[in-house]
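Naming follows writing order (A, B, C, D and E), and every chain is counted from residue 1.
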Amino acid sequence: MTARASAGWLTAVAARAEAPVFLARGIGTADADARLRASPRLRVLDSPRAAAVLVVAGCVPTELAEPLARVHDQMAHPRATVWWSGAGDSAPPVGWSHATIVGPRDDIEAAVVAAYRDVITGARCSEQTLLPDVDPAPWRGVGPYGHGGTGMTGGIPYGRPMAGRGDDRRDGLTLDVVLARIGPFFAHLPEGLVLEVTFAGDVVHDLTVKTPPVAGVDGLGARLPDDAVTATMAPDRAVPVAAIELARARQHLRWLARLLHLYGLDALARLVATKALSVPREPQELTALTRRLERCWALGWATRGVGVIDGVSAALWGGPVARAAGIPRDARANSPVYATLGFQPIVHANGDNCDRWRQRLAEAVQAIELAARAGTAVTEPGETIEPAAPPPPADFGDQLAALLIGTEWGDAVATIASLDPDVNAAGYLSKGATV
Amino acid sequence: MTATAWWGAIAGVGLAIIVGAYLVAVADRAIASVVAGEPMRSSILAGPARSVALGLVQSRTTTERPDGAAWALAPALYLGLAAAALAVVPLSETLLAADIENGLVLFGAAQALAVIPVFLNGWSPNSILPLIGAFRFIAQALSYEMPNLLALLSVSVPASSLSIHDIVASQHGLWNVVRLPLGLPLFLFAAASLAFWGPMNLPDGADLAGGTQAETSGLHLVAWRAGRAAMLVAAAAMGAAAFLGGWLGPGLPGWAWMVVKTLVLLVLLVGSRHVAARVRAERYVVISWAVLIPLALLNVMIAAVVAL
Amino acid sequence: MVALAAFSVILAILGSSIALVLAGRWVAARADLPATAPERVPFSGGLPPEVHAWNRFHARYYVMALLFLTFDMEMVYMFPWAVVFRSEGTVAIGEIFVFISILALGILYAWRERSLGWS
Amino acid sequence: MSLQGALLIAAALFAVGLYGVLSQQSFVMIMMGFELMVNGSLMATVALWLWAAGGNPKGQVLAIVIMTAMAIEAAMGFALVTTIYRTRKADITEKLRRLKQ
Amino acid sequence: MIETPLAVDVAFWFFGVASVVTAWLVFRTDSMVRASFYLLASFVNVGVVLLLMRAEYLSLILILMMAGEMAIMAVFMVMFMMNPAGLNPMNMVHQHRASVAGGVATFVALGAVGVFARFPDRPARPTGVTFALGQELLGESMLVFESAGAALLATMIAAIALASSRGRYGQADDGSDAPAFDPDRPFGDAPPRPVASKHEEQAGKEGADDMHDMRNMDHERMA
């Protein structure tokens, strides 16, 4: 069933537009964002409303099945789903029989474009609502005080209560606070993470991390293979240094592409995403990009002094976050093979958002250099390998709350994005070890 | 004014808005290709038309309890105000849609009114992320409004007139961009802010999942984007008239000079999106008030001294 | 009446733009099916909202808004000043310097009190 | 279009504003009433300037002084509302009266 | 007298009546945002009428100023009004009948003055209006010009000092009352607060009174 019958020529023209895509990232989808973003035939949107194709990447835990269905329902008609995980010939998950199934190594771009063209031209039906069509709160007639007006459901207007007041932490003006649950498919949060945010105006009044990092998920679909992870998760084998470092560079570049999109630099994000898909083997190929970003005063201006993490908490975060705060902690510094390659950890001083993107960019360049120099060198079996994005500290939620309460929402999102906590890294490592 | 001239003026402004907005979309794609280091594709020219077709095909989403009338009005009013602002800018010495003694004030009024539709587009869906975008835009508007008006005021001082025709004529011999060097940057800052374009895109940023447009789809979204492009066109045309001498120039006919100058400013404005990151809301406000407004006041004083 | 004719052009442009967009919106959506309940849930990443988003929104820039309110009013005086400036000469320049510096004091005060940023 | 017509409309605006001032309970709505009353007087001023004062520029000056007064009233009103809300947590007149006791 | 074409007369009455209707809607809508923008619409309509009355500069500057002022009005309305979107319509009106009577009486009185009083018939010559205003401001009314600057400065400082939380003499809300019971939310969605003082019990009763008013208002609206 199509939502409407449009003129044939109109749909023919519309079908040739860039396919507007909303990406629902499941678990284990480090590659997905960059692969869609690098394609000039697709347009990755931040909101599902104007999207025509929902791309579900990776494994969606069963507890996220309902939010996924809701995001699907929020899309405008005509809409189609592409399920990008598992084997190409496997059956679609229950309830999603209408979806196109794409294997992890298949051409996702072609599949999305085909799904988009078919659903726009009417060759494929627009998908129905998945969740039951019931209003958020049942009609309870007239409220206890005879609260009147049209559409009133017993004192709770239109099925939802009104916001309540909360004391303000910043200027003592007691106005309303709004509880909102952001995620799990919000584009700039780590995949699967739900933040329960209380907004006082646009300032984060209170914040709780709701969904704990999901380890060893069983759910809809399966993980997409991710060489960035596989390269760093074999502690009992000798791994080529070049593979590890290229994977590191890839992961940093993917992250940078997302961050640039967050700051509105979509064309640069596309450039970086392209580089992340095929990491250049010569560090010189990144110098132009580095220079461009270092000279972009607006990017420095937007990130300087925001989300400062230093001292003890920086050490807890570890990895690039710690090094951006001037703590030269890096497992590679203790490795004999890295010593022969002349490895020195890169550090920055301030530990803010600005130093974090500089840190990751510099580490990407360094990783390419190391990979070029490493030749066929391998790590020693059992050696600790520095992950590109280490798992977040155990008290991740408290750390985030301490960092973000009282900040403006834009700063809060930017800080979370710059930290890039790999909330599922622990799950990967444990699973990898058992293989 | 004859009936033919009346209808011609309306048709001319409508055509200018449509062509201009389409050019903005094309320029945006072309500059993006250059920045991303990609080859120019044919989709750069045809892409915007295809997107409009998609907007016509796509259904319109809604929310649980929106303010429907205000929501519907928002993109229409925004586009309408952009068109009205463009109408006071002369294309050449003789070609102008609306010759008004206080044209500069009318332009400022149309820009000031444009705050309302942006706020309504974010307020109406009753959804938290667009709502934050709406309130951000009011902060933004209150900050760029003064630099904008003061930059416009500075060009009226040497001309001793609020008519845009007179302001262009007063630049015979010396353009305002030279006479008042602070004026054009301030004006372009305000222009990008007004269309919340690129680094000034506070209400519709990615951190709000699209902000005021996060709940919209279909033709509503197309009209919204068209309105932003039209606002850029109006501002670029005004910048060309007020600071770059409008139709003045050797060789070419006046209207051609005006078109060329408008396109130059348009490319500058559109390109800013691909080279500068979005600024933070609070810093935007503080810098506007503590730096840009004093600079704009200084610019007015310079104008007074120069004009004497 | 020449001026009013010019204004009628502007009014017509404004009105016809609004009418065209509204008409297009109505025509494009007339075949839409009514939205189902899940389709109407506001987007915040997949979970439904707890409360209505409409609330007593704590706009953090309310002090700056008050500053704007008074500062904006100066423009009422400055546009007529700009028109007569050249014919009035040095008197006008002295007057506007006084006027501008008085208002600049207001910004200075607000900046000193740190009232411009988010409260 | 005539002086009488303009004054009639101005009187209507003033009366609607007065109704708002008398009937509304919340401070901000009362201020809206005041603004409407000022709106009416602005219209009357310009009408008299055009038809009865021979276009004396002092009439225009009076009009912009009225506008300035409106802005000052609004700024002070909002500032007071903020202070009262901050200190008394009151936003309607009745509450304020009751808290005084 | 000034002779005007029919189209101008029609426009005059159209926008004049529209300004009164939108003014009336300010007090008839439940949404505070709509109320602010109805007020703006009223000002814009008056602006168009001023335009027809040859006061071109005043008209445009009124629209320009009011756009900013009403955006701020909307911000403050949403900040300080219970239920700013009018989702749960409440009666925020007192002495309704007396107010209507006062309004009607004022209209009749002022309207009678406007229609029946004899004003001098000295129409303006509508050329160089803005220029004349500027000359007046720099000439005879120079004092108005400069004292307006001083008054605006005083307003700025007073408004900032009043509204900001960081007064020079410590936190502005020191010694203030605890938040009172909120009659807008008797349904318990607000976080629970200790209810102890007499104040708040009284406020609770007031809440019930408001509910009573509300029923009455609904009846009125239906009627």
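Here is the rule we use: contacts are C-beta pairs under 8 Å (C-beta built on N, C-alpha and C of every residue); 3 or more make two chains touch, one makes a residue touch a chain.
In this text, all values refer to a predicted model and were calculated from it rather than measured experimentally.
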item	value
Target chain D, source chain A, minimum contact steps	1
Set of chains whose contacts include both chain E and chain D	A, C
Chain pair that, of all pairs, has the most C-beta pairs in contact	D-E
Chain closest to the middle, measuring from C-alpha centroids that were averaged per chain	C
Identity of the chain that, by mean CA position, is farthest from chain E	A
Most distant chain from chain C, judged by the mean position of its C-alpha atoms	A
Mean-CA-position distance for chain D and chain C (Å)	21
Chain B and chain C, separation of their C-alpha mean positions in angstrom	13
Whole-Å gap between the CA centroids of chain C and chain E	17
Mean-CA-position distance for chain D and chain B (Å)	33
Contacts with 2+ other chains: residues of chain A	3-4, 47, 49, 74, 77, 136, 157-158, 160-165, 171-175, 178, 180, 186, 201-202, 408
Shared-contact residues (touching 2 or more other chains) in chain B	56, 59-61, 64-65, 100-102, 105-106, 123, 126, 128, 135, 138, 142, 145, 149, 162, 209, 214-215, 218, 281-282
Sequence positions of chain E contacting 2 or more other chains	8, 52, 56-57, 61, 64-65, 68-69, 72, 75-76, 79-82, 85, 87, 129-130, 133, 135, 137, 148, 152, 155-156, 159-160, 163, 165-166, 172-173, 179, 189
Touching chain combinations (by label order)	A-B, A-C, A-D, A-E, B-C, B-E, C-D, C-E, D-E
Residues of chain B that touch chain A when the two form their complex	31-33, 35-38, 41, 43, 46-47, 49-51, 53-54, 56-61, 64-65, 128, 132, 135-136, 198-199, 201-202, 205-210, 213-218, 221, 273-283
Complex interface listing, chain B residues touching chain C	1, 6, 9-10, 13-14, 17, 55-56, 59-65, 72-73, 75-77, 79-81, 83-84, 87-88, 97-102, 104-106, 123, 125-129, 131, 135, 138-139, 142-143, 145-146, 149-150, 153, 156-157, 160-162, 209, 214-215, 218-220, 223, 281-282, 285-286, 289-290, 293-294, 297, 300-301, 304-305, 307-308
Residue ranges of chain E in contact with chain C within the complex	5, 8, 48, 51-52, 56-57, 61, 64-65, 68-69, 72, 75-76, 78-82, 84-85, 87, 130-131, 133-135, 137-138, 142, 145-146, 148-150, 152-153, 155-157, 159-161, 163-166, 168, 189
Interface residues, chain B side, partner chain E - complex	65, 67, 70, 100-102, 105-106, 108-109, 112-113, 115-116, 119-120, 123, 126, 135, 138, 141-142, 145, 149, 162
Residue numbers on chain C that touch chain B, as the complex places them	2-3, 5-10, 12-22, 24-25, 28-29, 32-33, 35, 39-45, 49, 52-54, 57, 59-61, 64-65, 67-68, 71-72, 75, 78-79, 82-87, 89-90, 92-93, 96-97, 100, 103-104, 107, 110-111, 116-118
